[in-house]
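Note that subunit A is present in both complexes that follow, paired respectively with subunit B and with subunit C.
And then the complex of A and B:
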């Protein structure tokens, strides 16, 4: 009785809630929050990864260096090109493919599985497959030559700057379009049928139904997908790493994450790499907040 | 009485447990466990597993855990392990990577007595001159060589004849001839090359491209190490050569095609010449024994430019066995004993793994001299020096890669690429990290 007096039902629920959440909270503390705070701390120091000497405090030195580093701004530009080049087609095509799949009466599961399968591959394996395709003697040149009715033209998939950027976008698009299509399919499935039926009774065709019912009500899913796509694009690494270590010029695809890796692991400069990580983190945080804020002002509900 | 017997039984059981626990503790305290990280090589794994079994038989209190990692990932793994203070007791890496470990005192000096030598001079006397230059600091030696490798050029004679060339007479001696001979051998379908005469080992600019610059009198750093890029003309000539080699020049090869040494063994009429080490012969014997036995291949020296001011061959590099300086002294001593035991089989390493340990007894043996084209490799070794070593060597190599590939593939002018390269290297030199 005493026990029951001390804790109300709500408090009991809250206590159990904390118990259930504790393992994942602990996991995040150790594997996410600690590295984030450690990176922020390290970004104010000059530290060689191999040196036994204590880190030297440099204040904002690493950030000041990055503000006028050509390589860093080249990385920012490469990341922006990749993100914009991938974000728009990935979100648009995922939505279109989801709408197409939902409109099919048969083979819905087959289409979803076929599209999703590249997402199950490791990024390294995917990049290796595409390296073979983009080889000058590979499938990409053969296909384009057939389509363009040319013979023996090398489209320089892995050597010309613009084609190389396009190649990394193609790989990423291929790998993730299925994953986000499945997310959109689930989102479309969550829209109540009676809304479509009401629209049908009011004389709406399938095009109008999509634009006036499905698309507005898919907003939470679209928001989720766009935030996920944007974060994924900003964090892109494996494809660029594998391409640059397999003969492709690094400069056009030297995205921030690749620059961070090279600065920390190859150049042993963990302080500067941490500063870049912190800046990337802040950019992701701000862009996500912006997306959420814009989305909040345009909420749509049908009663 | 019953209570007494119960207490007696409990006391007896506890005493026995204590004895067992203590004895286990004592034996654990006497056991030395060594962790040895190395890269994948099935042939080496076979013989080294046997050496470990033999060594642990000699020293029953020693346990050795041999961990094999993929070669391309070894550098990253060892580096992160060292930075997390959780490094293996023994490891090997290419000397270009290991150099920084020596500079930062992360590896222990050789325990000469444990390794079976009187002192440093005695150790040096057993090996080829200069073997330890790369791993000597403040008079101490920090590693024992697992292998020392230099590259020459492997030639497929059949492809030469197919292109109307006599391999014995027409093989290229200069870089200009390499390009001209490649031009005769190359087959293209439109712009796409389907048979190459020769192509470079692109990621390894310090080993194979820097010597080309040195042949023309250029250097990466000034002698005092403070100034980047010595002799612009030499650098520009090599950058122009590489631009002409690439798809926007004579279109003889490119880094985006499959690495030459990977396809040369197949003898598929798609690669006439590749640059590789003596170990290529072992791989050829395994991959394509018919071609290996056919006598349709040969090895030629590393070319020089016409009018070169220095006769420099491809740089040689090594893998050294090193011991973690942060491990206990007892472990360090046992680690050096084990390393010395393994490396005391140079002939077996040569026969089974095709790697050369620069020990005098091996190099002077008849069996060694009788190996195919060993005279070519040793001749080139004499006119070569060890690969460029610097704490930031890998960073510089990445900058050179970007410079070369920007002129070959992205249409950047050699002068612009050189200026960028100089600026980037100079910035590293000035930052004194």
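And then the complex of A and C:
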């Protein structure tokens, strides 16, 4: 009797478990899994956004087209340049800043707050501010001219293609350097004190302490942040979109998301846009898988 | 942090000064554009383009804010767009908090067949970034007639895998005895969730709510796809359009930027605990 009652209670609980999980599960099936399969499916078809004609099967046609397409490879290389150009300085500087902040006796919270503050802005506002700073008469030219002891030199922040790429990197770096500094400060804070104490007793100075204790133990966090930043950079859209709609040349900053958007919305070519989405998805899949693997191993590092 | 003190004393004096200098310069680099936004928002456009940049104008040009609110055509559409942003961000935050905690609770505290499969399936959606599914979502929402509506802006973001993960991790540590005691007292499962689980998940919910609100406030790509009319635009769309129209008056542009950032800055300075919290960030890294 006792046993039976418990059994039915367990069953009842199991039913409630399903009821609690069901709404979210349904949502993910409809709004994540269906669309990704649909994107894969559509990437084998030729379909115009506006026409009512049924999609026409073209096999690997869209992928073959992309492999020859100059604009596609251009946007792949733009995305790669942006991602590599952003994540290396971002990770290096935020790690350095975090190590420096933790070494301070005072103002730790102040520095973190100040550096973090741009992350509170929306990316549209960030792009807008920097658009004025990069103006030929703006602060960027003024500052650089003061630093380089030149006068009136225009560095073409928004017109020469390499400077334009650099500009988008600067905006992104500016917005997120504080965010990742805070992540690293948290990572350093997670290292048990006794390890530092042991190192100090053994006669290590703070320089040695950083390189032999903090940095090795922070390696998983660093790897994880690197992959996180890479994933984010691959998805970059706002800055490039806003810079290009407000008059900067599109070609050097035509990143993959911008290309997908324009192919679908301006050229109405759903098949090609889907094929690009699928390729982006595959790259992200590999990176996310890497991220999850690192996250798993991170838990055991201090033991 | 007693170690920090010991560490600092080991540093050479000159290295110490260099580190201070570096930190201060980093702060100057980060904060200057923000100061520029506020300073320029109170200046007439002619002053902003003066060389060198004057930083403070002779007279405070409040008109920028008024003109920013009024808009180039005097329709005050900015207010309507701000309202849209608030409605969408708040609605998405509310549904995300409720659905994620429901799901996280179900996964953390109930044993049922297929639970692990469900968890893995939801985690797998983290590997599907929005950017790769926006085109199919757009076609679906067109078919369903969701364009240019609040539903169209809100529905694709009702919940997210990170939220489910965050709430599950948090609720795994929730004491079972409390739940069982409530069950013995005859409380129904929905009541236990709403009266015991939700009220005691404050920190996790706050972190999730802030992250969700911020990402919606910032959302440009999806509104760009589904919104057509000026009335349904959100703030990021308004600014995008505004930039194209009145590219000439930088003062008004910065006033609009400052007004658009205000809610996030208020949130940031009052709730910085949840922005800069070890716990929240740790789960963010792991997500």
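Just so we're on the same page, the second predicted complex is superposed on the first by the 255 of 303 C-alpha atoms of A that agree within 3 Å, B and C clash if a C-alpha of one lies under 4 Å from a C-alpha of the other, contacts with A are read in each partner's own complex, and residues count from 1 in each chain.
The criterion applied here is as follows: a residue touches a chain if its C-beta (ideal position, glycine included) is under 8 Å from a C-beta of that chain, and two chains touch if they have at least 3 such contacts.
All of these numbers come straight from a predicted model, not from anything done at the bench.
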item: Superposed partners subunit B and subunit C on subunit A - clash or fit; value: clash
item: Touching partner for A:200 - first (subunit B), second (subunit C), both, neither; value: second
item: First (subunit B), second (subunit C), both or neither touched by A:156; value: first
item: Contacts of A:265 with subunit B and subunit C, given as first, second, both or neither; value: both
item: Partner touching more residues of subunit A, whether subunit B or subunit C; value: C
item: Partner chain(s) touched by A:251 [first = subunit B, second = subunit C, both, neither]; value: first
item: Partner chain(s) touched by A:50 [first = subunit B, second = subunit C, both, neither]; value: first
item: Subunit B versus subunit C as contact partner of A:189, first or second or both or neither; value: second
item: Which of subunit B and subunit C A:81 touches, first, second, both or neither; value: neither
item: First, second, both or neither for A:137, with subunit B first and subunit C second; value: both
item: Superposition clash, subunit B versus subunit C, among 81-89, 225-233 or 405-413; value: 81-89
item: Residues of subunit A contacting subunit B in one complex and subunit C in the other; value: 49, 135, 137, 245-247, 265, 270
item: Of subunit A, residues touching subunit C in the complex; value: 10, 13-21, 23-25, 27-28, 31-36, 38-39, 42, 49, 93, 97, 100-105, 109, 111-125, 128-133, 135, 137-139, 142, 174, 177-178, 182-183, 186-187, 189-190, 193, 196-197, 200, 205-207, 209, 221, 224-225, 228, 231, 235, 237-238, 241-242, 245-247, 257, 260-261, 264-265, 270, 273-274, 277-278, 280-281, 284-285, 288-289, 292, 295, 298
item: Touching residues on subunit C, where the partner in the complex is subunit A; value: 1-8, 10-11, 19-20, 22-23, 26-27, 29-34, 36-37, 40, 48-49, 51-53, 99-100, 102-103, 105-107, 109-113, 115, 118, 121-123, 125-140, 155-156, 158-159, 161, 164, 189, 193, 214, 217-218, 220-221, 224-225, 235-236, 239-240, 243-244, 247, 250, 253-254, 257, 260-261, 264-265, 267-268, 272, 275-276, 278, 281-282, 284-286
item: Subunit B partner contacts - residues on subunit A that touch it in the complex; value: 46, 48-52, 71, 134-137, 141, 145, 150-154, 156-161, 245-252, 262, 265-270
item: Contacting residues of subunit B [partner subunit A, same complex]; value: 72, 75-76, 79-80, 82-83, 100-101, 104-106, 188-194, 202-203, 247, 254-258, 392, 394-395, 398, 401-402, 405-406, 408-410, 424, 428, 433
